[in-house]
Every structure is written in C-alpha cells, then in structure tokens.
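Take a look at the structures below.
There are two complexes below, and they share chain A, which is joined by chain B in the first and by chain C in the second.
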Partner chain A sequence: MTKKKKSWLPSGLLTFICIWWIFPILVVLFNSFKKKTWINQQPFTLPDAKTFTGLSNYLTVIHKYHFVSAVGWTVFITVISVVVILICTSMCAWYITRVNNRITRAIYVLCVFSMVVPFQMVMFTLSLVANQLGLVTPWGIIIIYLGFGAGLAVFMFCGFVKSIPIEIEEAAMIDGCTPLQTFFEIVLPIMKPTYISVGILETMWIWNDFLLPYLVLDIKKYKTISIMIQYMKGSYGRVDMGAIMAALIMAVIPVIVFYLSCQKYIIKGVAAGAVKG
Partner chain B sequence: MATVSLKHIVKVYPNDGKKKKKKPVNNLKVTEEGVLAVQDFNLEIKDKEFIVLVGPSGCGKSTTLRMVAGLEEITRGELLIDGKKVNDVAPKDRDIAMVFQSYALYPHKTVRQNMEFPLKLRGASKEEMRKKVDEAAEILGITEYLERKPKALSGGQRQRVAIGRAIVREPKVLLMDEPLSNLDAKLRNQMRAEIIKLRQRIDTTFIYVTHDQTEAMTLGDRIVIMKDGVIQQIGTPQEVYDNPANMFVAGFIGVPQMNFYDGKLIKNGQGQYAVALEGAEIVLSDEKQANLRKQNVEEQDVTIGVRPEHIELGKEEGKTIHGTVDVSEMMGSSIHLHMNACGKDGIIILQTLNMEPQDFPQIGQDIQFTFSGNVVHVFDKTTQKNLEF
Partner chain C sequence: MEKNIKKYWPIFTVPTMAAFMIGFVIPFIMGIYLSFCKFTTVKDAKFVGISNYIRALQDTIFRHSFWFTAAFAIVTLVLINVIAFALALALTKEFRGTNIFRTIFFMPNLIGGIVLGYIWQLIFSGILGPMNMALNLDERLGFWGLVILVCWQQIGYMMIIYIAGLQSIPGDVLEAAEIDGANSVKKLFEVTIPMMMPSITICTFLSITNGFKLFDQNLALTAGEPAKMSEMMALNIYNTFYGRTGWEGVGQAKAVLFFILVVAIGLIQLRATRSKEVQQ
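And then the complex of A and B:
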C-alpha cells in the first residue's frame, strides 16, 4: 500500500505541473481559431460553431503582416548564426583543450564568465557600439550572436573534446592529416552529438530572441518573427488578438518540431559537457 | 624498410614556471631545465630489424617512441631515418606508421574507411585503395569485418584493424606502442604469434614498446632495456638473459625474476673465483673466471644472482644452501617453491617430470639447494653492475 502511494504521488504531481505548463500554449492554440471578438469574452473555452473562424487568423498574419518576410529573416539569422557559432566555437574549444597554456586557460575562463553576465547589463552599450560599427543588418547581428553564444558553446564543446582520446588525433597526424584536416575529418564527426545539442540550444535561443534584434536591427528594413508580432499591435492600442495568437503558434511550431526531433541529443550533449567539463 | 639512428637523444619536460619543482614519477633526474625523461639515448636500428623497447612504467620507452614518431619534440640529439635527419620533420612526412595501445581507430568510419584513410590522404586511387585494403585485411583475417564500425568489433579485432591501417601504406618504420596491453592474456598470446607471422610477411623496420618482458623476449631481434630514462642494456634476448649488465636487467628479464643473495666473491686455493654463500662455496665456470680476471676483480662482498630455473635440490655438504619452503605452487609441469634462504625470499622452479608426488617439498619443510658455476651472476654491491663486464 505504502509503495503504491509513493509511486502515485510524484506521477500525479508531475502530471499537474505538465498541464499547468502546457495550459497557456493550449489557450493560445484554441484562441488562434476563434473570431477576435470572442477571444476577450471567452478566452478559456474551446472554439465552437459560433466562435470558430477557421484559418482566417493565420491567413491574415501571412497576407497582412508580411509573415513570410519575417520568417525569411529569422531563418537567415538563425541558420547562419548557429552555423557560425558551431564552427567557430568548436574549433576554439578544440584549441583551448589541446593547447593547454595560460592564454587558452584565460580564454576559457572568459568564455565561461560571459555566461554569467546578463544581457540586460550590456544591452545599451552594446546597441550603441553595434550602431557605430554598422552591425545593424542581419549579417552584422550574426557577429553579435557569435559573441553571446560562444560562452555556452565553448563550455559544452570543451567538455566533449576532453573525452576524445588524444591518440585518435595523433593517429590522424601520422596518417597524414594537417591540423585542419584532423579537425574536419576526425574531430568534427566525433563531436556530432555535442554539435546537435549545442545547435538545438542556440537555435531555440536565436529563433525566439526578441530583445537583441529589437535593439540592434534596423527595424524598418528587417523584422524577425518576434519583432513582427510586437508590431502587430496597431496604433491607439488596437490589437488583433486572433492574428497575434495565430502568429505565436506559427512562430513556435518550427522550434517545437525541431526540439522534439532532436531532444535525445540535447540530454546526451549537455551530460557530456557537465560530466567532463 | 629503413635504418633508424638515435644519436644522443635527450628529452626534457621543462618545469612549468612554478617556483616549487614537481617531484617526478619514479626516479627521473631533475635538472634546472626540467625533468629528464630520456637521457643520452643512442641506438642504431638496422634495416628490417625488430627492436623492442622494454622497461617499467615511466622509464621513457613510450617517450622515445613518440619522439621517433614526431609526436614529441626532441630536446637534444639527432634522429635519422635512412640517414636523413628528421628532428623537425612533421609526423606525416616521416613515412612511419604507428599502432597505439588504445587502437586509436576513427569511431565514425568503417573498418575499410579506417584502413583507406592514410592512402586517401596520399592521393591513392579508389582501385589502389581497395586492392591494398583487401590485401591487408586478408593478411590479418579481418575481411569479413570491413564494413563494420569499430564499436562492433572485439578488442582483438580492433587491434588487427589498427595494425592493418598501419601496414596498408607500407611505411618505412612501423611503430607499436604497447599494442597488446589492452587484450586479455589468451588473446595477447594469440596476437603475439600474429605479429611474429606479420613480421615475416611484411618487410619493414619495427620499433615495439612494451612493459612485458615475455613480449620483448619473443618478438625482438634486439631488446633495449630502459630504466628512469636511461638505457640499461641493448642486446639479443639470449644475450640479455644470459649476461645481464646489472641487477635491474637481471631482475627484469626472466619470469619468475632472478633470486638475489648477499654473498662473497672469493679466490680459492687454486686461485679460482668462487662465490661463498652461507658456508657453500661454488666455483665459477671457466668463461666467468676469464671474464672476471679480465676485469681484475678483487675478492669482495657481492650480490649473487641465480635464476629460479637454474636452482636444483641437493644434499652435498659444502655445496648446498639451506632454505625453508613458504609457499608451494603447482603449475602442472613444474612446481614454484617460494622459500626463504639466507634471510631473503626467493623462488625455485622444480620440474615435476621425474619426481614422485610424495617427493614434492611441502610448506614449512627445510630444503637444501645448489646451482652450478656457469649460471651464477655476481653483481657489485654498490653500483649493482655485473662484475663480468
């Protein structure tokens, strides 16, 4: 009896937390199919014959608010930034781990320290500097993302590189590899699990990021999805809640699909970094 | 196929700048410069010779091998492969191959891709790669595993793949760093035989590192015995077994290890050298007499060394030493008797072939043993050097 009670309690508690956690997303999903007049009146009910509006909210977002353009810029910034972060930080972590001297140790400490500094602390000076350096374009923001993403990525990659036996790299050197060939032919494929986990974490962060592009990007020219949603609030407080709900759903779907398909690698990669780091 | 010359090779690991010097592992010499891992290493390796570097952990054997491979910088001295100085030549340009203790296979590549990799980097054609890999796989008996990944192979199979990757490009020198250490005893014996066979099939110079004296004795044309970064002796397996240069070599080569007793080197009435041990006096063989005379050795206190397999039981007074059996190990064809004699522990190996079971010495039994004058070794008590050389 006692055993049964013990096993039931945590499950029940966790189920409740899951529902509590997922409830706001479900509210957004249901409301995205409702006519905008009903959203304020019945926000917590399922759509019925009277309130259901089909895909009209989604079509409004696509046609009226230049959703495709926002998706384009978001995809561009996310993909390029993540690729740049992965390549640069993995090479950096490889160097830091294999060339163990004062300079590399200092770089490692700096990278780890950068994770501790909150973005809000540096955002105003950063936006000023970014403006002066002309980093207000999607290409420029990639460099800023590289800087902010490097801390976590270098930390995780360092943890994994330490677990790769040095003999494998020495064997590659003797087989005839140059350092670059050793990295791309041998080290990079071995680091695949960490690449995937770092890639997922960075993708989720950059895709959902609002503050940095909002501060840095030239908003008139380039809008990411999160900025576009913010701009859906019209003048004089007029808000198309239906469209906003639909935009939110469309914004989170790619990340959720991406996460679900790769979640096992996140755990693997994070564990490798945590244990070996 | 190449000669390798190591001339006055020295490897120093510099102090890391901290004020307090680190105490090195073992008894490695420490200078202002740093820890001397290898000291004045001189060796001429002939073409197609199989050289084995052997010694306990931390003796500098792997460091020496890694210097030949180009994975460690040479602090001083010259390394020549085929007469060409290669101190500053990158590992890939030395035309060497290396087999590592941990196999060091590329985990994301199949066995075939692992073996093709060095050829691919040298721009070999697909046909050539396929042909050479198939040939090497045939030699090593791994043809059926070519499409598997390393994780799907056993330890022995992985080591074969590692050897295959090394031999596939026909290197001038094949380096092996304790390749059998990760295998279990049975597989190790099997792989040792495989390496002997392989050696007969491929014409190349081998440098093999091991801490296992059995591997060294069975594989090497010549053995280099090292301790604390210094060469103790270089010679054929038989030479180092019969004529160990010092007590370290005498103790390291041979299983079970040589017994050592404190005794005296004396000259008897006829002016012959003899060893005196607890009342027993054993006259040395003519060859040993000549060697000692050549060195002008005086009567003195010495350490006497006798191998367990050279000791026999006897009863003749004045020629035998008394001991007590502590442990008796039945090995089938022989018995290993652990006994205490002259205040020291030692071992005797008795062949059981011509003995009745009731004659086997029992634990606690007093025994008398002796040895002949041609198998005894006399070492200087202070320098531990063999007085014959």
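And then the complex of A and C:
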C-alpha cells in the first residue's frame, strides 16, 4: 500500500470535537475564579471585572475545608496501598502459579470470582469487619484495599507469570538462590511491565474511590478528596459554589499532571488490563 | 523446584490471603448469611428465612430502580461502544495529531465519579436553568444527564481498547479483502468487526457491568432526585442500608440479588459475544 499524504481535514474536525470534549472542565475552571453568587446565574461566561475574584475561592478551600490534609491523606492511602498491593499480590500470584495443587487453584478461582462481585454486596459487612478490627485509620484501610484489590491484581500477575519460561527460575535455584531471591532478583525485573499496568489500574481506582473510604474511614478525622467534595456539597446550610469549583479544579489538576506525565504507561496499562480481563 | 518453593508459603501467600479474607471472603459470607436475618448490628441478628427477599422484591422503588438501571445500562452500552469504535477507527487513520486527540478523549476517565458528577451538575444547571428546568425535577432529564456523563467518562477508555484491537489486525488481511474487491463498508463489517470481536467482548462486558454498578456519579449528579425516581440499584441499596433503620436485612437481601444479577448479566453477555469470535 502506498503511504497516504497526511490530510488536515479530519484533524480540523476532531479538534472541534476535542474542544467540546474538554469544555466542561474549562467551564469549571472559569467559574472557579468567579464570585460565588455569579456562578449559578452566568455559568458560561468568562469572569469579567465585576465577577472576577482572583484566588479567593482557592484560599477558602485550602483554609476553611482543609484541602491540603485531604490531598495528603489521598496521596498517602493511594501510594502505600498500591505499593503494598503490587508487592504482596505479585508474590502470591507467582506462588500460586508455580505451586500447582488444589488450594492454589481454589485461590485463583476465588480471586477471579471476587472481581465480578459488586461492592454493594460486601459494603455493609465490610464496614462492620473494619470497625471490629479497628481498621478505620488510613493505615488500616490499606489492608482493606489489599484485600479488595487482590482479585484483579492476582489475576493479572498470574496471566503474566504463566508466560515466563520456568527454566530461568530453575537455573537460578540450581545456582543456589532461595525462592525469595529468585522472586526478587529474577521474576520481579521480568514482570516490570505488568507492575506498571497493575499499578496504574489500582492507582486510578483507589485515588478516585469514594464509597469504600467513606464507609470505612473515621471521616471526622480523615477525609480523602472525594469525601471532602461530597461533604462540601452535601452539608446542610448554604453551599459555597465558588469553593466547590475551586475544589473540583484542585482535585482534577493532580490527575491531569499524573496523566500527562505517564500517559504512555497509562494507555498501555489500560489496553493490557483489558486484554487480560 | 515446586517443593522448594512450597515451604515458603507463609511469606508468599499469607499477607495477601489474610487481607483477602478480611476485605472480601468474610464480608461476603457474612453478607449472604445476614441477608436471611433481621438485624441492626450483627450481634442481634435473628434468622428470618427469606422474608427479607420478599420485602425487597415488594419494594416498588427497588423495582423501579431495576428498570431504570437496566434501561441506563443498555443505552450507555450502545452509545459508548458505537462512539468509541467510530473514534478508534478515525484515530487509527493517518492524519495529524491523532495522539493528542487520544490523550484528550481519554482524560475524563481518570477523574473520579464524585468530581465528574459535580462538574456536570454545573453544566446541566447552566443549560437547563434558563429553560426553567432542572435535573432534579424530572426523572427523564436525570436519566439522560447520567447517560451523557457516563458516555463522556467511558468513551475514551473503550476507545483505547478498540485502538489496541485495531492495531493488532494484520494488514495483509485487509489488503487481501481489498484485492478481492471489497469496498470500505464491506471491509468494515466483514473483516474488521469480526476480527475485533475479542475487543468488542471486553468493551461490552465492561460497559454493561459498569452501567449496572454505577454509584458515585448517580450520587453526585442527581442523588436519586426527584423522589428517588433517578435512583439506580447501587444507590438504592446504599439508601436502604443507611437511610432506613430496620431495613438493614432487606438492604443485604437486595445486595445479594444485585450481585446475582450482575454476575448473570456478565456471564450471558460473555457467552453471547464469545460465540461470535473468530479464530485468526
């Protein structure tokens, strides 16, 4: 086939669609700089001299609603949970793939099963169990995330471990490596692409998760970003639209920065996750 | 080698399995048990047989939420997949800026459901306000509002999967069809789509189960207004647990029904599309 000349027409059309695609985010961005009374009246106009309020909405969010601590807890929970999930589930997946008996097969089936169970099924009892065991802190919720996120992660890691030729590991063991050394020095480096895929899928889930932390965490003390925004909107009394706009923008910015900086991996991770699913 | 690894089971499996027990297995089993009980806390649980299930099925709002959710899942299933497929086809052609477009279309997917809900609430109230309408006054507006929101969120995700699928179709198959005289419509329906069935299976599976499981967006955008008429199943279950004392058992029974429904739909869907997949 001859290579076609790159044309401009579809690019122009798609540019037009793309501008509308990000329009909702832009509207929120404009409104975050407006005084709150103007937001409901004229949501689609740019801020002008009368309605512009500078960064005051942002300052309200930071001072009045303790946004910084919400971001801190969200980062903390997401990062530690993802690291713990990656290490623990990859070890487990390697073990249950390499040791083949009835128990390991049962574990695998259970993990796959857990992926299709909707959260509402275990929501109430999970929050009871978490309360009983005192897992209502950001440290405790990591254990819950490890448990609830294990299904997908074990499943994806197992899929990859099966494709690693066992001879490499056998050679390492013959050379005197313990299983732990074999895992961390041989298997882990080979699985790097899978770590990235699983890590991204779990990060996207935990960062944005609302209901699980809302039910499990002691929300008087610890709020994640999603919980805080829901609180700002759902609390009684007057809803401060300006502050909400600023909070939405501040919630979106880290996501966009993360996305643009590891875009290549995110798109690969999504595609890989889907093929396995 | 297997024997050698086997001894190390406490290190390799116990952390994950212990968490898995706490985070999934125990709550799941307790959930099944409690769906047959009347309780407010676990300690006062009393076995009542299937009466919770009967009450759940007699709940007209729950039944309404089922139809609402089913309609929603089907509408979004069709819209998301058709648009995402079309975009994927367009963006695998050669022209300027395809990567930037992919980046932009995928972006909403990374934003959390709660944030998305409030972003769109602003947009919808801005559009509907001057016409004296509001999302929380009309069930149908709430429905279409949710559809637009979820399409916006998920089209990019499905598009990425379809692009990966399209790129894995060997070029010579399409070329052969071209030489045999197939026009572009024929090529699409008789070569590309059959070759894409694995991706289509995944995307339809994801979009239909996501449609049924939708919660955050529903809570943030409409919160079930007006009068619980835009309440989807997940939100209905949540409200039954935490909004009505004495109904915890019924909420758990609804959750079990919901779980069975999601699994059944997933399996039926997988079976239906898997049978259409062709071997390369």
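Please note the rule applied: the second predicted complex is superposed on the first by the 233 of 277 C-alpha atoms of A that agree within 3 Å, B and C clash if a C-alpha of one lies under 4 Å from a C-alpha of the other, contacts with A are read in each partner's own complex, and residues count from 1 in each chain.
Basically, contacts are C-beta pairs under 8 Å (C-beta built on N, C-alpha and C of every residue); 3 or more make two chains touch, one makes a residue touch a chain.
Remember, it's a predicted structure, so these values are computed and weren't measured experimentally.
Novice: By residue count, which of the two partners contacts chain A more extensively, chain B or chain C?
Specialist: The partner making contact with more of chain A's residues is C.
Novice: Who does A:78 touch here: chain B (first), chain C (second), both, or neither?
Specialist: In the superposed model, A:78 contacts neither chain B nor chain C.
Novice: Contacts for A:173 in the overlay, against chain B (first) and chain C (second): which applies, first, second, both or neither?
Specialist: both
Novice: Once chain A of both complexes is superposed, is A:53 in touch with chain B (first), chain C (second), both, or neither?
Specialist: Once the two structures are laid over each other on A, A:53 reaches no partner at all.
Novice: In the superposed arrangement, which partner chain does A:97 touch: chain B (first), chain C (second), both, or neither?
Specialist: Neither partner.
Novice: Between chain B (first) and chain C (second), which, if any, makes contact with A:24: first, second, both or neither?
Specialist: After superposition on chain A, A:24 lies in contact with chain C alone.
Novice: Across the two complexes, find the residues of chain A that touch chain B and also touch chain C.
Specialist: Common to the two interfaces on chain A: residues 170, 173, 178.
Novice: Using the touch definition up top, name the residues of chain A that touch chain C in the complex.
Specialist: 1, 3-4, 6-11, 14-15, 18, 21-22, 24-25, 27-28, 31, 39-40, 43-44, 88-89, 91-92, 94-96, 98-100, 107, 110-111, 114, 116-126, 128-130, 133, 135, 143-148, 150-151, 154, 166, 169-170, 173, 178-180, 183, 204, 207-211, 225-226, 229-230, 233, 244-245, 248, 251-252, 255-256, 258-260, 263, 266-267, 270-271, 274-275, 277
Novice: Where on chain C is chain A touching in the complex?
Specialist: For this pair, the touching residues of chain C are 1-2, 4-9, 11-13, 15-17, 19-28, 30-31, 34, 41-42, 90-91, 93-97, 100-115, 118-120, 122-123, 125-126, 129, 152, 157, 160-161, 163-164, 171, 175, 198-199, 202-203, 205-206, 209, 212-213, 215-216, 219-220, 233-234, 237-238, 241, 248, 251-252, 255-256, 258-259, 262-263, 266.
Novice: Which stretch or stretches of chain B touch chain A in the complex?
Specialist: Counting only chain B, the residues touching chain A are 69-71, 90-92, 96-98, 100-102, 104-108, 117-118, 121-122, 165.
Novice: Taking the touch rule as given, give the residues of chain A at its contact with chain B in the complex, in rising order.
Specialist: So the residues of chain A touching chain B come out as 165, 167-168, 170-178, 181, 185-186, 189-190, 192.
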